[in-house]
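Here come two complexes built around subunit A, the first alongside subunit B, the second alongside subunit C.
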Partner chain A sequence: MAIKVVKPGLATAVQDLGRPGYYDVGIPLSGAMDRFAVRCANLLVGNDEAAAALECVFMGPELLFTADALVAVTGAELPPKVDGVPQAGWTSFAIKAGQTLAFDFLKRGARAYLAVAGGIDVPLVLGSRSTYALGALGGFEGRALKAGDELALGAPAGAGVPGRTVPEGLRRGAIPTTTLRVVPGLYHHRITQGSADAFFRDTWKVAPEADRIGYRFRGGQPLTFVERTPPFGAGSDPSNIVDSCYPYGSIQVPGGTEPIVLHRDAVSGGGYFMLGTVISADMDFIGQLQPHSKIQFVPVTMAEALAARRERQATLEAVRGLLGPG
Partner chain B sequence: MAITTVACPLPGTFYRRPAPDQPPFKGEGDAVSVGDTLGLVEVMKSFTPVTAEIAGTIKQFHVEDEDAVMAGQPLLDIET
Partner chain C sequence: MTSRYSFGGDEHIFVEVDEAMSLDAFFKSLFLCKAIREAGIKGVTEICPANASFQVKFNPDVIAPDDLLREIQALEAASGQAEPVLKTRIVEMPVLYNDPWTHETLMRFRERHQDPTGTDLDYAARINGYPNVTDFIAAHAGSPWFVSMVGFVAGLPFLYQMVERARQIETPKYLRPRTDTPKLTVGHGGCFGAIYSVRGAGGYQMFGITPMPIYDPKQEVGYLREAMTFFKPGDIVRYKAVDREGYDQAVRDVDAGRFDPLIRPVTFDLREFSKNPTAYNHSLEGVLHGH
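Now for the complex of A and B:
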């Protein structure tokens, strides 16, 4: 065992890039909320991008290293300290056996990713080491870390050295976004045009209960629905539909009041209408939103969504060019 | 007489009382012991207690019940 958990933080959990392929049977994608950040953390320490790291949300853990290690912290600005000495974010640094890694107060963003050379060694479950805490699946015993847990590491690839860094211009998502781009669709026709205009005009605030399952927003005007006779199988509430699949990133608005963007640990289906879907390029940004932060939803076309995805991919390729195994 | 400011450990909503119909954990002028709960921060459907790490007397609260709080934000002063 290489790492002892002294203090667990709020909900620190093992995450990798996720567990795709089982959403049809109700097992969500899981994986890091900010996948760009976890890829960068892994590249910095010479890991495969898909290695398991620790996702630290809002409050960092305190970890005692019982073996020498090379680590990197990316994502949110949650300043790491080794035996009290501050370390740079988005930069690899060494820790010696007997030293403690702790974190200062969160300065910006919401989720920091701690990668360790060799990766966190927990069993693969359905092809992933991600934690799905709601289903007690994967990760470390299917749950967030607790004080006293001991984590093992895989064998480092040997390519990592201290002092490697992701240049500031490539730290995608490090400065939290104030907009989320949305492709309207699926059940958008269920609300009036005036209501749709208001949805995209209003400023929404992240609700404190927003989590890995869904990010809830409040503060905008309630939706106005188009009159209808409920179809067989849909409830009488105008926000209900005949049960359907829920895409990752889809926006449901139960009761027409508070939009919820489904994220990595979401349920895969149900009976709420979805007015659109947050574009894939912006899903990482949601993972860096603190409670009470202000957001505006911006409608975009599918072509714009695909262009944004290519732009994100180009940023990742640039990081790979600098840090990758070449 | 030294003043120690208690900072908020994480972002969320700050509560000074354990439940809406209960009295506050502590008020200004109250004595506190190490480990006493000073308030709660709600985020992601969990409530994280903020506890006193020193003993003394509460001089002043800087936030109200149900205020939105940031990590590192001063919550209250304890005079020791």
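Now for the complex of A and C:
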């Protein structure tokens, strides 16, 4: 064992880049909500980008290291301290056996990623080490960490050194976004044009019910639906549909009042209409939103969504160029 | 039935075969998903069939969204002539109706229900025109169900009863969803049945509980060692009402690793079924029990 959990934090869990391929039986992707941040944390300590790290939500854990290790913290500004000595974020640093890693209060963002050289060694389940807590699957015993848990580490590749850093200009998502770009579609036709306009004009606030399954928003106007005779099997509420699949990032609005954007631990389907889908390039940003943050949804075209995707890819390539093994 | 296509952001294509539920729409969705899988289109990462729709996840770095859209539309155009015949399996599933655990739960959340004075079974029986709960249960367990979708959470089947539309059981969901549902609850919402694979939130009416696990992340249950989720779209399920002693015995069998569900291979023909559902379901009974 190399890490002993002294205090678990709020909801600290093992995450990697997820478990694709089982959404058709209701097992979601899982993995880090901010994938860019976890890739950077891994690159900083010389890991494969897909190595398992710890996702720390709002509040950091307190961890006793029982072996020397090289670590890095990225994503939210949750300042790390080694035996009380502050360490820089987005920068690799060394910890000696017997030292304790703890965190200051959250300053910005919502989720910090702690990578350790060698990666967190939990069993691979369906090809991934990520935690899917709703299904008690993967990660450390299928759940968030608890005090007293002991984590093993993989063998470090040996490529990492302390003091490597991701330059500020490449810390994508470190400053939380105020907009989320959306490709309108799916069951968008269920609401009136005026209602759709209002949805994209209103300012929404992240509700306290915001987690890995989905982020709920409040504060905008209730939607107005187009009149219909309910199709057989859909249900009588105007926001109901015959239960369908839910895309990752899709925006459902049960009862027309509070939009929910599904995230990495998405429920894979259900009976609520969706008015569009957050673009892949903006999904990481959602993971860094705190409750009560203000957000505006912005409609974009497919071409704009793909351009944003290329831009994110270019930022990642720049980080790889600086830190990657090649 | 003309399918409606829409992009779900830059990584999904969403296809609604029909906005209403029917076995025809379900079959078309299932067959089109099979055709897409067999086409082996580069860049397609996940194919998820649903009740009367489906979803394809793709990597837009590998295939342009419009190109994939055209490929799927071409497959739809070519699949029109496919025979509605499905090689599948039929499974008998014991159910303890009106069990103490869902009863305790539904009483706890009574203020969220349409009818706080009765039980979910009382309510469903009444609004579906059954004189009493016994007759309602007889109808629920009396005809088989198609697994028309797997999802929501890991391994949860949506089920559509194989009877004429006039005989379909329909119930609204709870006015406000419950925060708790016992694991393996047999429930119903809209025209769909569901079996809750894990304990958790839910809005479906609760009728009973099955002793037969359908999701096992540890893969210790014998018939779940190969795959941790039991159901696939296209499976046929026949409920068998059991009493408390039968339920307890089944739970003991599951715990001892000797529970062996009754499963038989079967070929389902939608045309034959549509001609006479009652007679067809009777023949499925023969497949299950070997007469």
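In the analysis below, the second predicted complex is superposed on the first by the 326 of 326 C-alpha atoms of A that agree within 3 Å, B and C clash if a C-alpha of one lies under 4 Å from a C-alpha of the other, contacts with A are read in each partner's own complex, and residues count from 1 in each chain.
The working rule: contacts are C-beta pairs under 8 Å (C-beta built on N, C-alpha and C of every residue); 3 or more make two chains touch, one makes a residue touch a chain.
This is a predicted model, so every value here is computed, not measured.
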Review point. Touching A:H292 in the superposition: subunit B (first), subunit C (second), both, neither?
Key: first
Point to revise | Contacts of A:A11 with subunit B and subunit C, given as first, second, both or neither | key: first
Review point. Now for A:M59: first (subunit B), second (subunit C), both, or neither, which partner does it touch?
Key: first
Practice item. Figure out whether A:I175 sits in contact with subunit B (first) or subunit C (second), or with both, or with neither. Key: neither
Practice item. Go through the superposed model and pick first if A:L124 touches only subunit B, second if only subunit C, both, or neither. Key: neither
Review point. Of the two partner chains, subunit B (first) and subunit C (second), which one does A:L137 touch, if any: first, second, both, or neither?
Key: second
Review point. More subunit A residues touched by subunit B or by subunit C?
Key: C
Point to revise | Set of subunit A residues, in rising order, touched by both subunit B and subunit C | key: none
Point to revise | subunit C partner contacts - residues on subunit A that touch it in the complex | key: 20-21, 23-27, 125-126, 132, 134-137, 142, 182-183, 185-186, 188, 231-236, 240-245, 247-250, 267-271, 274, 276-280, 302, 305-306, 309, 313
Revision key, fill the gap. Touching subunit A in the complex, subunit B uses residues 7-13, 42-46, 48, 68, 70-72
Check your understanding: How about subunit C: which of its residues touch subunit A in the complex?
Key -> 6-12, 14, 16, 18-22, 45-55, 57, 60-61, 65, 149-156, 158, 165, 172-173, 189-192, 197-198, 200, 215, 217, 228-229, 231-232
**Study point:** Residues of subunit A defined as touching subunit B within the complex
**Key:** 10-11, 57-59, 105-107, 110, 208-211, 290-292
